[in-house]
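In what comes next, subunit A is part of two complexes: it sits with subunit B in the first one and with subunit C in the second one.
And then the complex of A and B:
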């Protein structure tokens, strides 16, 4: 792994220490270590099948209960190892939210989509509608849907659905948000909106996002990790990584035709 | 170059084969429809002497009277069955979908298939030994209802599991990522999403249960009086008993009641099946 120079060291929100992922005899991720600075946007890029999404799923323990898959190493959240004993997975997931590649609204109303996770995490009934509104404001959806909160979420456009899913994840006020190519299934205009939304989260939420688009990664992120074949080939300040002269990293970053 | 299809004259043999096939298929369809008509004709014609309102308002007395006790008894047993089979069936399918490892799930489906292949009279005998004798409930609504429940359970389990399978994996995963417990995912997302599938299974189970005779002979016995709400130690009347017993009697009035009972069962079960089919067609 290439060590890329870091100038100032902000607080660390999340630290992966020698994390590996195996499925049966296959090693999917091999000895990944990285620090996510608090309140910053970190992007993960790499060829298809390099394990980007798998790495994301490790952080909020989505591999739990998947047969034959095992996570090794530690993921430190403050002084808690998320894979240690006596960790309540539900609490982990309320601190670490996730947004998927394709919008996944529940087949319920727009309001219920956000209210349901709030109820699950014990938000008082009286606070729920304020929190729903706040979440919709954050993602810029409030003006578009405030007059039809009780219509099915599936009546929204793809881009709106994805913003609803981001609102749903943000509503429970996580400190870390994982995003798995959140804009890749959308049209260019919706994509830009999502990118702007992610940038607006800077300072309040720590974002770890997977992307296929190097321009997007360069534009949005402050930290960049390059995953190749399940190994972290480079990790550091985004511009520094782009300037890296390491063969594997430079080859991927500069001779990569955006699929 | 202009596109063109090579045209071939269809051989007489092929024409003949095609016509024959059409004929056979058409005949088969006609035979099936004829059988259905024959059944209706027989039942309606046989029941004609019994067409009177008193069928619904008087219970049987010996081999005559009306069918009130049998109609209410069948509905009573149907209600008990659909309640029990709904709860047990949905709970089983929920366990399989949310908690059980894959092999347990597969095993459950397999067991459920075996269960649906067991002859109903065997269920009757098992129900008799378990509920009537061992539990000491006597011939009773509860013994009969639970026996019908065992028999119709596979329909609810299978339909519910299939309905659960239609809930997109992405949605279940999103719920998981938001910190939903499995129970919460089940009752907030899986159940509401699967309601029509569950209802289809329950109604199918109900129509199977209402048409059964053999298991009830062993567990409900028969009674000339109207069913009461007692769950145990009271025999219950039911329509299929009338069909089975009254048809063998040398009295025309008894025979007419037997046909009438058959007709009522066909109408009720048919209406239920039609209602579910209709709902299924309505859905996009």
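And then the complex of A and C:
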């Protein structure tokens, strides 16, 4: 699907402006600028070690408090620079959710995994049950777990746990969802389910997804960024990037061996 | 031909190693056998009074003959009652544990989670160093620094603050006493408890903690909800390991406990005696007994101590193993 680039330009949910990441004297990311269209899926690909996961963690300020690591530049969320003064990190993270490579269910029941974040978020007690059910429905887990909500989340399979983590992130209704290779630790069937789930989020959540599966990126995303050695070698509509004649980009996208 | 020789070497080395691996078991069984053999005549002489009598006396060494009681040869008026030492051991160990667990928890939470940067390594290193300091040095410091501090400052202050509670207040019986022993043992067992908790905490995948933070939780909230459920079981396991250490601590306790005999402690400031310290402290005296019963009696004390410590250590290892497997579950994602 080719994005129309004229008057119907989509709104930008998030804009990175000259973002760099340094650890001591070492530069991990150099001068990254990109904007994420609202409600769309943007994928970030690149060779291992290019800094994709590091870039993701900049958006929700997960580098805060890590010694010797510094973030330069600005991340604009609406007209607020997330790295400006007097920005409350907890508020940032309640608008920008994250799902990780390995499923990370808390050592609690399935129900509590979603109910607890909701409670902390300030959801009224009477609404929590409904919101938990809604979140589980969104990720397609409700039918599978509705009869055992109070069993430990660790009794679920890997794919189910990851969907639970996505449900947990979505339950607090973030506007942006960061995903760090969410399906890579799973079997192919689970991977496809997660991909379909992510695609179903179009229009409701802005997704920035890191992946090293190029076919997945091409299939799911509408915008694509190619990160090589800490620099953004290409960024734009997915099909346009795949058609790019730039040496570095073309080499990675077309002559790259996937595992 | 080389292959044949290699296999021969394998088999010989294998058998050798197999034999050597029996050594720990032989040692433990051997020790236990010695202790039981040592204790048997003592139990025959004292019966249940071994556990109930306050009297510990090796008998009249200047008597002309030994006497035979219950088939056992002892000096007249000998009595080997272990109650004082059993109570002393229990009191020092449990009080030290109660004090050490919160300290160790803070040390572990600080060095394993909250404190960042280079200070974290320093803090962790210092805690580990505490474990390496010889107990005799703790004892010396306890005697010269802690005991006077308790007498002159800590004791009076605690007396004022806790005065209605009988056991925790009252007159100072001895400058070396239960409280000083507890303080010293607490510091000695904090490292092992902290290390056990920290080991479990460090195995928690970083992404688990990031998941909490990513939900907008503060570091503290993330600690309680994500880290603590795993660390919690390590507290129990670590405590029991610490308890095992406290039960057997000899040198430092010998120097600061006051070497009490024949009297139970009235309050925190009474002198006490523990099984381990008494074995060491009474050894010289026991060697003067021509019937050797005094020596056997120390062995009987040793048997009680040995049994308790073995049970406590087995329990600790079982619990720590369960705590670690809980974290493995989290790592694999079931």
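In the analysis below, the second predicted complex is superposed on the first by the 251 of 259 C-alpha atoms of A that agree within 3 Å, B and C clash if a C-alpha of one lies under 4 Å from a C-alpha of the other, contacts with A are read in each partner's own complex, and residues count from 1 in each chain.
Throughout what follows, contacts are C-beta pairs under 8 Å (C-beta built on N, C-alpha and C of every residue); 3 or more make two chains touch, one makes a residue touch a chain.
Note that this is a predicted model, so its numbers are computed, not measured.
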Clash or fit, subunit B versus subunit C on superposed subunit A: clash
Touching partner for A:154 - first (subunit B), second (subunit C), both, neither: second
Contacts of A:199 with subunit B and subunit C, given as first, second, both or neither: neither
Touching partner for A:107 - first (subunit B), second (subunit C), both, neither: both
Touched partner set for A:169, first subunit B, second subunit C, both or neither: both
Subunit A residues touched by each partner, larger count belonging to subunit B or subunit C: C
Partner chain in contact with A:90 - subunit B first, subunit C second, else both or neither: both
Residues of subunit A that lie at the interface with subunit B and also at the interface with subunit C: 60, 62, 67, 89-94, 97-98, 100, 102, 104, 106-108, 116-117, 120-121, 165, 168-169, 172
Partner subunit B, residues of subunit A touching it in the complex: 60, 62, 67, 89-94, 97-98, 100, 102, 104, 106-108, 116-117, 120-121, 165, 168-169, 172
Partner subunit C, residues of subunit A touching it in the complex: 57, 60, 62, 65-68, 89-94, 97-98, 100-108, 116-117, 120-121, 154-158, 161, 165, 168-169, 172, 178, 185
Residues on subunit B engaged by subunit A in the complex (per definition of touch): 101-102, 168, 170-171, 173-181, 184, 188-189, 192-193
For the subunit C and subunit A complex, residues of the former touching the latter: 116-118, 205, 207-208, 210-219, 221, 225-226, 229-230, 326, 329-330, 333-334
